[in-house]
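Here come two complexes built around chain A, the first alongside chain B, the second alongside chain C.
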Partner chain A sequence: MSRSDAGAEGGGDADQVPSIARRVVSPFVDRSVAERLLISVAAILLSIVVGFVIVLVSGRIAQCSTAAWTMPLTGIGFCYDPVEVYLVLFNGALGYPFAVGEPGLFNPNWTPFNLSLGLTLSETTLLIFTGLSVAVAFRAGLFNIGTQGQLVVGALATALTVLAAAPFLPEGPVAGVVLIVVGTLAGAAGGGFWGAIPGALKAYADANEVITTIMLNFIAANIAYVLVLEVFRAEGSSVVATQYVPEHAQYLPWVFPESSDFALLALLVGLGFIVGLYYLVEHTSFGYDLRTSGVQAAAAEYGGVNAKATTVRAMTLSGAIGGVGGSVWVLMSEGRWMASVPALGFDGITVSILAGNNPLGVLPAAFLFGLLKGGALEIGFRTDVPTQLVGVLRGLIILFVAMPEFFRMAGRYVGVGSTGPGGPGGSASTSEGTDDEATAVGGGEADA
Partner chain B sequence: MRNPLADVTVPILDDLIESDYVRSLIVGTVGVLGALLVLGALFPDSVAGDLSGIVFSASTASSTARLAAPIVLAGLGGIFAEKSGVINIGLEGLLIISAFASVYVASVVGIGNAVLGVPAIWVGFLAGIAASTALSGVFGIVCIEFKADQIIAGLAVWLIALGLAPFMSTVFFGGVNTPNLGASVGWEYSAVMVIAATIASWWALNRTAFGKHLRAAGENPKALDTVGVSVSKVRHAGVLLSGVLSGVGGSALALSIGQFVGSGETMVQGKGFIAIVAYLFGNYNPVGTLGAGVLFAGLDAVQIRLQQLGYAVPDTLVQTIPYVVVIVVLALVGRTQLPEAAGEHYETED
Partner chain C sequence: MNPAVHMDGITKRFPGVVANDDVDLAVERGSVHALLGENGAGKTTLMNVLYGLYEPTEGTVFLDGEPQSFDSPRDAIDAGVGMIHQHFMLVDPMTVWENVVLGNEPKTWGGLRVDEDAAREAVVDLSERYGFDVDPDARIEDVSVGVQQRVEILKALYRGADVLILDEPTAVLTPQEVEDLYDVFEELTDQGKTIIFISHKLGEALSAADDITVLRDGVNVGTVATDGVTREELAEMMVGREVLMDPATTPQEPGDRVLEATDVHAEDDRGVEAVSGISFEIRAGEVFGIAGVDGNGQSQLVEAITGMREPTDGSISYLGEPMAGESRREHIDRGMAFIPEDRQERGLVMSYDLTENGILGSQHDPPFASGGRLDWRASREHAESVIEQYDVRPPNADAEAESLSGGNQQKFIVGREFERDPDLVVAMHPTRGVDIGSTEFLHDRLLELRAEGKAVLLVSSKLDEVQGLSDRLAVIHEGEFTGVVDPGTVTEEEIGLLMAGEALDDDSVEGAAVHDAATDPADDGGDGGVDA
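Up next, the complex of A and B:
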C-alpha cells in the first residue's frame, strides 16, 4: 500500500479538506528516526559529491594561468582544486584545528576560541532558533515558510523595546539582564503575533499557510523597512537601521573574539530551547495534541483535540521562537535592527528538514549549516572559488533530503537491504517515539 | 453569490471565462480603470488627473509589459504543473536560471554574431528556455520518479538556482552581475509573447485532449490511469511546460535589460512567487492569470512614475499591496480550487 493511499483513507470524509501541508508533512513524520538520520547523512554526502563535480566543471571553464589541480591519470588541469575547497570549507570553519601539508595531524596553535569558530557558532546559534521555529510548525502539520518574516518582526520589536526601555534603567549588569529578558520577550511577542496571523487564517478562513506565510514575509520586510526608514532611523546612518542598543544590553562575547559576534550565553539559551521544546513536543499533552493533529488531523479531532485552536497555538509558538531568533540576532550579532536581514528564516527551513523536524536533530543540522556559513568566508579568503558555491550546496542538500525514495531505490539496487518502512527490515529500526505516533494513528483510524 | 460583480455579463468574455470569480476580477479592474479615466478627464489638475495620465501613458504600458512578462509566463507555467498534480513553487528558481543562461549564452555568442542565421540575442533567449526546461525536468524526475516532496523540492530548485546563477556569473564574468550586453529585446516582443502564451495556454487547457489529460492527472489520476494514459507522462509534460514558459519569462526579463543582476535575491526579486499568487488569484485560468499579472506589474510601473512626478509614496509600501491583496482574497474566498490530487504521488497499479 502506498503512503498516499494511507493518507487518503483518513481524509475520506467530504468535509475533510485535503490539506497539502498534511500530505507534504506526513512522509517526514511517519518515518523512523534511524532512517531519517541515514537519509540526511546520505544527502549531505551526495551533495558534497555533486558540489565536487560543479567545482571541477566550473574550474575547467574559468580562466587561470596555472592549474590549481590536475586530475590523476588524465593530466587535465583545472583552475579550482575541489579537494582544497572542502578542506578549507570544513577545516577553516573550525579555525584550522587540523594541520594540512605539515607534519602532525593537529595544528598546535589552535584554540577553540578563535574567530572562525566563533563566526560558525554565531550562525549555529541563530539557526537553532529558526530551525526550531520551522520544526514545531512542521510537527503540527503546518509548513511555516514565514519564519523569516516572524524573525524580522521579532527583531524590530526587540530593538525598539530595548531602545525605549534602556533610558529608564541605570547602566550595569542588572539592567543588562533585565533589558535582554525584556527584549527577548518583546521579540517573542512580535514574532508570535506575526505567526498567529497565518495560523488564524488557516484555522478560521482555510487559507493555505504556505501562501500566506510567503506573502507575510514580504509584508514584514517591507513594513519594517518603511517604519525604520521613516520613523526609527538612526540619525546620520548611511544604511536603513535603528540606533545601536546600549552595550550592556547585548550578549557579551566572553571568551570568543569580539568581532565573531558570538556569545556563549546565547548558544546556551538556544540549547535550553532545544531541550525545552523536545520535552514540550514529546512529553506534554500540548505536544501530543500538536503531533496527532500533524499526523492525522481527523483522528486528533475525533480524540477531542481542538484542531483549530491547536493550529493557531502551534503557529504562534513557531512565530515566537522565530521572534526570539530575531532578538538574538539584534542583541548578539548586530546590536541594532538593520534593513539587510540575513535569510536566517529560510535557512531555518533547511535546518528543520535536515533535522527530520526533531528538536534534538536541530542542533547538528544548525551546526552543519553554521559550518557552511563560516566555511564560505574562508573559501572567499583562501581560494578563487566563488563563495556562492555554499548556496548551491545548501540547495542540493535540501533537494536530496526531499527524495528519500531515491536513496531507498539506490539502497535496494546495491543490495543494502530494504530499508523502507514498508519493507521487512523497516520495523527493526523504528524508535519508540515513532511507535507512539504509529499507535496514535492506528487507533485513530480504527475509531474513524 | 455574495459578489455582485459576478453577475455582470460581458458577451465576448463569457465564452472564454467560465468562472464567476475571474469575471468579477476582470470587470472590477476595468471598472476601476474606467472610473479613473472619467475622473481624470473631469478633473485634470487633481491627483486623479495625474494618475490617469500615468496609467494611460505609453511609457507605463511599456514598463508594465516588461515587468508583467516574467510574472504572467511563470504563472501560466505554474498552472500547467499544478493542474497536472505537481505543485511547482520553484518557479522563482526557473526564472533565475533562465535569466542568467540567456545573458550568458548571448554574450558567449557575441552580440552582432549569429548562429545558423539566428542573432545572438535570440540564441540567448532559446538558451534561457533550455536551461529552465532542463531544471524543471530535474524537478519533475525528483518529484515524480523519486516521489520527493513537491514543496521542499520546489524550495530546493529555488535555492539551487539562487546559488548557481551568481556562482556561474562569478566564474565567467568575475562578479555576481554580468556586464551589460549592449543590446536588448524590445518590450513589444514581451507583450506579444505574453498574450500569445496566454491564448495558447487557454486553448491547450480547455480545448485539447492534452488539457483534459492534464486536468485528470491532477483531479483524478486513477481515472486517467484506467483509460490507459500514463499519469507520470502527463505530469512530466506539465512540469516541463512550466519550465518552458518560465524560461520565456526569465529570458524576456533579463534580455529586456540586457544584463543579469545576481546580487541579493537576484533581478528576479520574488517575481516567481508573485507568479504563484497571480495564477491563484486568476483561479488557474490563463486569462485571469494575465489579468492578475498585468495588475501587479501595472501597480509597480505606476508607482515608479508616481515617484518621478514627486509624489512621496514610499515605493516599498506600494510594492506591498499585491501581497496584502492576496492575503485578503485568500481570507475572504478561502481555499482556492486546488486540484484534488495535487501534491500527491500516484502509483500505477500494474
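Up next, the complex of A and C:
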C-alpha cells in the first residue's frame, strides 16, 4: 500500500518527534499491514501451541494399547503424539516432501505433482476466490457474509450455461476454451447479480448487509436446490445434481492426478485475480473511492464519492468474484452443480481476515487453509487421531486470528472502536481545540 | 503569603517530546490567571499536571505552600482543585441539581437512598451564594451552553474547589455569554476563589485576567500583569516574532455574481429544519462572512451549497447554473473549493498519507487519474508542492494525516482546496484550533484569493475573523439571517445581539438590508478596521 519512494527525508522539529519512528519504517512496510501480518503469524503460532496441548489431553483420554508418546521422567503415556500429528498434517498436505522414518531430510520419492498437494492446491484455489470476494467488500467497509450464496448462484449459472451451450459447439480444445470462458462469465454474472441485491438494499433501503447477505445465502441455497431438483436434475442421479458438463469444458488437470480435482490453470486464474484486484484497489480511481468509503465514509462523501453507487459496485464486484469461485468449483472440482456445496464462502471470510483484507495476503492465507484441508485427509489415513482434531486446530487458528482483528473491525463497524494511532489511551476523540494540542504534545496521549 | 497555586520547575516529558520544560507558575489567591499560548504550547498538559491527570516528570506542585503529590484527579479534587473541561461532562436528560451532585450525593437511609431535598437545597445555596442565575430543576438539554458551563462550575464548587481551572471556556459561548462568564469570574474571586483559564485568544486574556502567563513550545515565556501589556506585545510573546494583528483588506470592486442562494431551506440529519429560507449572493472578488453561534444552521447551509446535502426547498445557482440537487462530484468538478469544519472527519482521511490525501476530491481528474488509473507520481508531486507552499510540517508526503498537528492538517486542506483554482471557496471555521502564526498565514491566503477575483464564503464563530475579513457580514440565528451588516461599522455588541436572535433597531437593519440589495455592495466594505 505504501508507494513511498526510497528517500523519505525528515526535517526534525520537536513537535514531529512522535512520527519519526513511523516515518523511518513507513518506506518499507505499511504500518497497518505489518501489524496485521504480526497478528496473523502470532495467531497461527498460538493456535499451534494450544493445539499441541489439546492433542496431548485428548490422547490421555483416548483408549489405546500402546502409548504413542510417553512423557519423560513421569512415564505417563499418551495415545497421540502431537509432534507426529503436526508432521503428518503439514508434511502430508504437501505429499511428504520430507522423509518419514528414513535417513535424510528429504523424501527421494517425492514429486510435486502428487495427490495430496493437488488436493491442498485445489482447496487453495477455491479459497482464493472466496477470500478475495470477502476482502473486496471489507475494503469498502461492507461485511459480505453472502459469498457462499453468491458462489452457489454463480456455480449454478456456470453449470447451466455450459450445459446449454455445449451442444452448439464441436468437441475440441477450442470449444473447451470458449465454454470455460463463457461459463466463468456466467458465474461472474450470477454471483454479481446475487451480490448486487444486498448492495442495492443497503444503498437505497438502508438494509444492513450482514442480515441481508445471510438471508440471501439461505434463499440461494434453497432456490438452487428446488430448481435442480425439479427442473435440471440429471436423469437417474441419486443425489440432487445437474448433469456433468462435458469433459472438454472442464479445467484440465494437466500434471496433477485427476482424482485431486486440481487444475494448475485455475490456480493461475486465481493468481491473476489476486494481482488484478490488488491493482484495482491500490492504483485506480475506483479503488481509491472504494478504500476511502471503507476507512472514512464522511471523507469519501466530501471527496465526491457517490456512497450509494460505490456500495452497489463493491457488492457486485464481491459477488462476481464469489461467482467465479463457483464456476471454478463446477469446472474444476465437481464437473457439475450439486446440492452439497462446501462452505467455501464462509471459509473465505476467515481467509480474508487472516489476510488483513489485502488481496496479496489472500494467497498465503488461502494456502494455509488448503494445507489444513489436505493435511486433515492425511491425518485420517496415517494416524489414529480423529480428523475432528484437525477441525479443532482449524477452529483455533480462526479463533485467535479473529479475536484481535475481528473485534477491532466489528468495533469500527458499529462505530465504537478507537481508530487512533494506538498507544495507551489513544482516544478517538473528534474534539478540536484541546485535542489538537494533546496530539501535538503528547503524541496520542489521552487528552483531558 | 503563599500563592494559592505554585508550580515549581514542572517538566513533563512524553516519549520523544518535552511538553513542559521547567515551567514555573504562581497564581495569587483570589485572582484570575490566564494561561495563554498557541496550540501545542503545552498549556493543557500543564493544567493536567495540576489536576492530577499527569504526573510531572520533574518539579513539584504547591497549594498554599504545601507540596502536593496527585496520583489522580480524585486527589486533586480532595485538595481543592477543580477543572472544567472544554467539552462538558453532563448528563443531558437529568436536571441541573442532579448533575451537580452526581457521584457525591448526600445519602439517607444509611447510604441507601439519595437525600434529594438536601441535595437540591445544597445546589440552590451554592448557586445563590455566587449569584448564578441557574434554575436547579431545569434539564441540561433545555438550557443554553452558557448555563451548562455554570453547572460545570457549580459541580467543581460543590466538590469543594478553591482553585478552578477552565479549559478554553469561551470557545462555545456567544459574546453576551462571555460577558456573563467574566461576571461569574469576578463573583468567584471576590469570595476568595482562584481561577486559571486556558486560552489562545489574546482579547479574552486581556479582558478577563489579572495576570497572564504565556507558554511557547512548553516553556514559560513570561508572566505579566494585564495592566502593563499590549496586544501586540502578548502576540509577540506567543509567536516569538512580530505579528500583524489585523488582516489588511483593501477596498475592491466586486465582479460578476458567482453564487446566488434564494430562499434555501435544509434539514439536519434528524429531519428537523435547520435552515429556514436564507437568501444571499456572493460576487467575484468578495468575501461574504456568516457569523453565528455554532449549531444555528451554518453547517446545513454550507452543506447545501457545497453539494453535501440536498436542500429541501429554494434554489442555489453557481456561475449562473442551478446547482441544488446536483451531486457533490458535480460541485467539485465545477470548481468549488470547500474547507469543511470537521477536518478529521471529512477534510482528511486520517489513515492515508498526504500523497493520498492530496487527491481527495480529484481522484478522477487529470493529472492524477487518466483512464481510471491513478498516477501516484503526479499525486506525490502535488502533495509535495502543497506541503512546500503552505508550510506543512513535517514536510513529508509519506506522513499519515493523523500524525500531523491540527494546524498542519488544516494548512494541508487549505492548500489542497486553494490549488484547485476554484471560482468559489467555501471556508468553514478555517482557523479553528489553529495557532496564531498559521491563522495569519491562512487569512493572508484568503485575501489573496479575493484579490485574484475569487468569491469567498467564510463561516466562522470567531467574530474578529469574520468581521476583519468579510466585505459583507451576515449573522445567522436558528436557520435565518437576523441581519446582513457592514463589518466595518457594526459593533461587536450589535453582532452579539443578532447572534442571540434579537433584531437591531430599525435604522441599522434597514441600512443593512438596503446595503444587501444594492448592486455594488463594496462601496464602503472592507477596510476591515477591527478592534476586537
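By our rule, the second predicted complex is superposed on the first by the 372 of 448 C-alpha atoms of A that agree within 3 Å, B and C clash if a C-alpha of one lies under 4 Å from a C-alpha of the other, contacts with A are read in each partner's own complex, and residues count from 1 in each chain.
One rule holds for everything that comes next: a contact is a pair of C-beta atoms (placed from the backbone, for glycine too) under 8 Å apart; a residue touches a chain by one contact, two chains touch by 3 or more.
Keep in mind the model is a prediction, meaning the values are calculated, not measured.
Shared-chain residue A:E301: touches chain C; no touch with chain B.
Judged by the touch definition given at the top, the superposed model places A:I211 against chain B, while chain C stays out of reach.
Within the superposed three-chain model, A:S285 lies in touch with chain C and out of touch with chain B [touch as defined at top]. Of the two partner chains placed around the shared chain by superposition, neither chain B nor chain C is touched by A:N109. Contacts of chain A with chain B, set against its contacts with chain C after fitting on chain A, overlap at residues 2-4, 8, 17-18, 20, 23, 27. Partner chain A is touched in their complex by these residues of chain C: 14-19, 39-45, 47-48, 51, 53, 83, 85-87, 167-168, 171, 217-218, 308, 327-329, 331-333, 338, 340, 342, 344-353, 355-356, 359-361, 363-364, 369, 372-374, 376, 380, 393-396, 398-400, 402-403, 405-407, 432-433. For chain A in complex with chain C, the touching residues are 2-5, 8-23, 26-27, 32, 283-289, 292, 295-296, 298-306, 419-421, 430-443, 445, 447-448. Interface residues of chain A, counted against chain B in their complex, comprise 2-4, 7-8, 17-18, 20, 23-24, 27-28, 54, 58, 61-62, 143, 145, 201, 205-208, 210-212, 214-216, 218-219, 222-223, 225-226, 229-230, 346, 349-350, 353, 386, 388-396, 398-399, 401-403, 405-406, 409. If you check the complex, the residues on chain B that touch chain A are 87, 89, 142, 146-153, 155-164, 166-168, 170-172, 176, 270, 273, 276-277, 280, 314, 316-317, 319-320, 323-324, 326-327, 330-332, 334-336, 338, 340, 342-347.
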